[in-house]
Amino acid sequence: MSKDVMAELKKDHISKLLTKGTRSDGRGFEEMRELKITTDYIKSAEGSARVQLGGTDVVVGVKLMVGKPFDDTPDKGVLTTNAELIPMASETFESGPPDKESIEISRVIDRGIREGHAVDLSKLCIEKGVEVWIMFLDVHVVDFDGNLFDAANIAANAALKTAVVPAKRAGKGEDYPLPLMHTPISLTAVKIDDKILVDPTHDEERVADARLTVTTIENGNLCAMQKGLEGSFSIEEVFKVIEMSRRLGAETRTRLPG
Amino acid sequence: MGGMTTDIKLIDENGRRVDGRTPDEMRPLKIEAGVLKRADGSAYVEWGLNKVLAAVYGPRECHPRHMQNPTRALVQCKYNMAAFSVDDRKRPGPDRRSQEISKITSEALSHVVFTEYFPRASIDVYVEVLQANAGTRCAGLTAASVALADAGVPMRDLVASCAAGKAAGVVMVDLGKEEDNFGEADIPVGYVPRTKEIVLLQMDGDLTHDEYTKGLNMAIKGCEKVYDIQRDALRRRYEARSLDSDIGAPEGVQKEVA
Amino acid sequence: MSKDVMAELKKDHISKLLTKGTRSDGRGFEEMRELKITTDYIKSAEGSARVQLGGTDVVVGVKLMVGKPFDDTPDKGVLTTNAELIPMASETFESGPPDKESIEISRVIDRGIREGHAVDLSKLCIEKGVEVWIMFLDVHVVDFDGNLFDAANIAANAALKTAVVPAKRAGKGEDYPLPLMHTPISLTAVKIDDKILVDPTHDEERVADARLTVTTIENGNLCAMQKGLEGSFSIEEVFKVIEMSRRLGAETRTRLPG
Amino acid sequence: MGGMTTDIKLIDENGRRVDGRTPDEMRPLKIEAGVLKRADGSAYVEWGLNKVLAAVYGPRECHPRHMQNPTRALVQCKYNMAAFSVDDRKRPGPDRRSQEISKITSEALSHVVFTEYFPRASIDVYVEVLQANAGTRCAGLTAASVALADAGVPMRDLVASCAAGKAAGVVMVDLGKEEDNFGEADIPVGYVPRTKEIVLLQMDGDLTHDEYTKGLNMAIKGCEKVYDIQRDALRRRYEARSLDSDIGAPEGVQKEVA
Amino acid sequence: MSKDVMAELKKDHISKLLTKGTRSDGRGFEEMRELKITTDYIKSAEGSARVQLGGTDVVVGVKLMVGKPFDDTPDKGVLTTNAELIPMASETFESGPPDKESIEISRVIDRGIREGHAVDLSKLCIEKGVEVWIMFLDVHVVDFDGNLFDAANIAANAALKTAVVPAKRAGKGEDYPLPLMHTPISLTAVKIDDKILVDPTHDEERVADARLTVTTIENGNLCAMQKGLEGSFSIEEVFKVIEMSRRLGAETRTRLPG
Amino acid sequence: MGGMTTDIKLIDENGRRVDGRTPDEMRPLKIEAGVLKRADGSAYVEWGLNKVLAAVYGPRECHPRHMQNPTRALVQCKYNMAAFSVDDRKRPGPDRRSQEISKITSEALSHVVFTEYFPRASIDVYVEVLQANAGTRCAGLTAASVALADAGVPMRDLVASCAAGKAAGVVMVDLGKEEDNFGEADIPVGYVPRTKEIVLLQMDGDLTHDEYTKGLNMAIKGCEKVYDIQRDALRRRYEARSLDSDIGAPEGVQKEVA
């Protein structure tokens, strides 16, 4: 019960600030938190990045290994995305098999990277129907203060941009950079009391009515979208978040390597 | 999107789709309320070649207890596909896709249910896909809404659901299986017609701003048609019940519908 | 505790009726409930049937795929039976891995079909020791009012009788009807207060002392038997149920397609 | 039945079986009660090449609590095969077969235990198959009965168990491994000799009415022989205990046996 | 709480005895319990032994099958050790997936056998990189009174010494004895109130501060070591246990076959 | 030990190791305390090519309740390796190795924490290996100690951890990856410097008595060096905190360290 009292007090506090046009950390509604990107963070991975977005800290590693393609895409590499919300990162994360939250996060990150064609999977075919590169994108969240969607998306992009296909180790010729196509950047906004704010903190996420993640590529096209939470959006609000995603995504894209 | 290639002509020279539909034409949709005996409420949806059942149990005591919310009911949807519902047999039990769909369906339904009337309770919604042919999450959400109303659960309105997308370069409503497998984008929408609120929204693929705008509007128009068919089904159900007895008339949204 | 009080009252009621020679739904002790069989119900399955036996409603789908034979039967197809007692069908069924009830039901259905040689598994060999047809018999219970054993057995038989081996799709020649041999029909009876009643409802099952399922084929031979619950049967009672099974099974067999 | 074919002659020209037995001859059976120190009661059964241990713990508090029955004890048997008990190593842990056997063994034992003496309690029975050679469920149930008596659990009578079946066209008692693998039918029976009640009954294979009648009677005759050996084991155990001390004599069925 | 009172009383009792230089079963601090070894106990295993060490009773079976080598040891057989702490053996063991205790025990037994090079794995290669013998060492604990580590280690050694590679059955030539190298014997000691005692009973283990298992081979060399529990050892104490392990291990070694 | 063979020269003609170290030289070790925001205490350890994070939550309520100890806190460590921390991607989730390490790390830490101050509580320690290069259990235990102190958990002393071993016949401290894979023995040690107590001790490989004595002493000397670096890290952390505010200074061991 006390938890709910706390939640209510927190919501009151956040709401009051929002009425005055500000947020508890002083940001504007359309302002992202400080972003720090470290690439090549993990030597045992073929590509890696650590991204700190405000108080959220994620490490993403890319691993590649030779394996069999799926039957219906015999000439394409395979992308597998997995997000581990380990209890180190927050008292709200628990050990054990992935719950609905981590599954949704895994799938939303995956959808952005996959549908935005970050990687040219057709160039990860070794022998059609027989051997392709299997790519694992593992997201390890070590400190959590909200908006995992975007922190992990940025880290995934950064890790991919520095990844190398370990062809030599596998006896498949010389190593080469992971063949990339687009840089699909996600932007997540939440709605609290009819205000739309981007890059929510954990406290903001907890009191939010609705959440929307929009992923765009360089030319402004949309490649993925995910609405969450029990609240609703009007059509206008959806288009407002799309606009924010294009604008802030373009800024974020400049921060990434190569 | 599936990312598979095909020789199938998704749009013919007359602008007709694989199954002869025009781009803004939905597949045939039949809804029947009250089809199961054991459940408190139920609905059957046949939408093109999709066959989906929804059942509602509750409001009832929420197990395990630590999940209970002291101020409101939990709406918990479980979306499940029968092993034989797809061409390649699906292993029984929840996979990541079905868990994500369960989550966003639960959230969409929570928006319209008066959960505050039933503190600590659980309202359990089961969606079973018996035959799948693209669009099962929309069919499931549509069926679940009707099943909730059939169970007499008080609701602000029904949620209607329909998708739009793009295939062979054409924006179109309610993608069929080939259009889903070989098309370019999909936008499933859950919509509350009376208040014009979007409560479920996803997207994957590649869409320009104009395509997206067109697609979203098509999907919403689709939702409005679905809504009429949902209300018809409940009206028929209400009339059938009234013939049976004059007590036991379902409460909540049906009052409006009748 | 209240549950037990309800159970006791229910038992009293049922017992009193039995003393008068009748049952709560008015049936005689050796009378089955109304049976409705719909075949070809699921287009995505190679064979399917929906069976409504009173208030129990099951859908069975048969799927076939090419796979490896077992080492000790290199020239035979493989039969796998799985029953999903999904929570849609009853408040007594729970999500999660199969419990002892569903395992027993799966195995009893499987035993009837297998030991009664419904399918000629030797005709499902493609190449000895290398490739055979793997047949999945999936039982999906959507509404539950007792006697799953017989409802599922009838549905399984009906689904098998309409099933086609999808050889063409698998590049193994032309499609052909599933090679069948026998029609093993099960009959389940329960014992309550020394009375034996066939085709029990859920309420009757709950108060029953013992349960016996006997499966016979066309020539009256026995192919499978399963006693359940904590009560006992005398030898005479066992033979009485066998006789019922032969008689009522023959009637049911006439209801099945070709 | 196994459905495998073989060159082994299951019946020779003199009507003798593979191991030299006549059709109505059982394999050698040795039972020893009280073989484990930690358990409250135990028994070891060596039946042909089967080696089976049974242990009983309880009556004790039933965990988890929601399983407790306020009016009686639960008899919960877990049947398990050691990894090395069969020719092809068995993966540790319960499979569907062992769960079914656990269930029907629990039900059979529940019939003879005075469960109403111990409301809310659990009586846990563990059956471990160390070496398997056909007929382990009968050996397990036989051992479990003796272990319950050894634990002083009050019982109406012992359950004795034995199977009959058909191999090479001959109805015979207590099938061995080859007869089980290559034979035509098996009928395991659990029997309460004093009241002539059948508490466990299964059958699989193909039997005419006459064959079944003959087989069931053979199995029951086998149970009666088993019963004598069970009682002998308990008598020896009781005498051994009496020599040790005059307190601590087991209660319940042993009083009768002694 | 009462459990803790019991534990405290037990500890007091054990401590008092230790001050007097004795143990509750009258043994000296460096004295093992009575050891009984039965080899060839399980006919379905390729090698087996039952070991009773005081009140602890374990059965170990060795199974061999043809399989693929690990990538990094293409010319070596594979050793897999698994300990099942089944609930039959003690009220403190629970059903279900292995807990930390059984995992530690499995791994410590495995480490002794593996690091002590009991088996010459290089002689279990059939074809380099393609086929090797996979050896399963399954430890089945049936009665538990402490010191599983040593009881299982001795049983494992005894089982290995009598094991035969079933080459003929697998079509790989003639059977031959399992190729052995060393006999790594473990010795487990616990520390209670600064006293070091070997071969602890279950009661002693429960009140012990720390535990140390040291495994040595014939020439006195150390091959494995594992400290457990929350207490500590001084360097001198570690060397004391090492000395005990050499001395008592040599004695145990003489008790093993060939 | 790995048991693999290699052409790598583990000791060169000058007695130098693969990475140029002398036998008694440790890899570079950096420790930073207080690196995570959400956790109550945390530490980062970079030890050669190992990168390890530790986080502490608690003392807090212990879930599930039946795990609670009425007289003291439970120290529960979970050691986990990120999927990308090793060359061949590791499947997420606990395996047997990590569960064993979690257990012995928990035990070692319990020895120094004043658990009796927090009856019924849980002190949860999470160790995440981001990059692994031999010696991760020592790095993890070292990091966990610092994180506990950073969380203000009252402790008798820090646990310092370091391994020694043998490679190419030479006894050496702190094995690197090649030395671990191709070497002859490893001895991980957890040590409490002030009281000279060994709280974690394992060993595998092949060592004479003299080699073992030399190795153990080397490992302990290594622990003493680690201890100094741990204390430095905490001193820096304490000073940094003091600058921030004069309240909130961590209690317990830091008082000593400062």
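A, B, C, D, E and F are the chain letters, set down in written order, and residue numbers restart from 1 in every chain.
Convention: a contact is a pair of C-beta atoms (placed from the backbone, for glycine too) under 8 Å apart; a residue touches a chain by one contact, two chains touch by 3 or more.
Note that the structure is predicted; figures quoted are calculated from it, not measured.
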How many hops, at fewest, get you from chain A to chain E via touching chains?
2
Give me the step distance from chain A to chain D, shortest route via touching chains only.
3
Of all other chains, the one whose Cα centre sits farthest from chain C
F
Where the centres are mean C-alpha positions, what is the separation of chain C from chain E, in Å?
48
Distance in whole angstrom between the CA centres of chain B and chain D is 52
Chain centre separation in whole Å, for chain E relative to chain D (CA means)
32
Measuring centre to centre with CA averages, how many angstrom lie between chain E and chain F?
27
Specify, in ascending order, the residues of chain C that touch 2 or more different other chains.
none
Residues of chain B engaged with two or more neighbouring chains
none
Cyclic order, anchored at chain A and moving toward chain F, comes out as A, F, E, D, C, B
Going by the contact rule at the top, pick out the chain D residues touching chain C in the complex.
1-4, 70-71, 96-97, 99-100, 102-104, 107, 110-111, 187, 192, 195-209, 212-213, 216, 220
Chain F touches which residues of chain A in the complex?
41-45, 48, 55, 57, 59, 61-63, 65, 82, 84, 86-91, 95, 97, 136, 138, 140, 142-145
Spell out the residues on chain C that touch chain D in their complex, using ranges where they run on.
1, 4, 72-73, 76, 98, 100, 103-104, 106-107, 111, 114-115, 117, 121, 212, 217, 220-235, 238-239, 242
List of chain D residues in touch with chain E within their complex
36-39, 49, 51, 53, 55, 57, 60, 78, 80, 82-89, 92-93, 124, 126, 128, 130-133
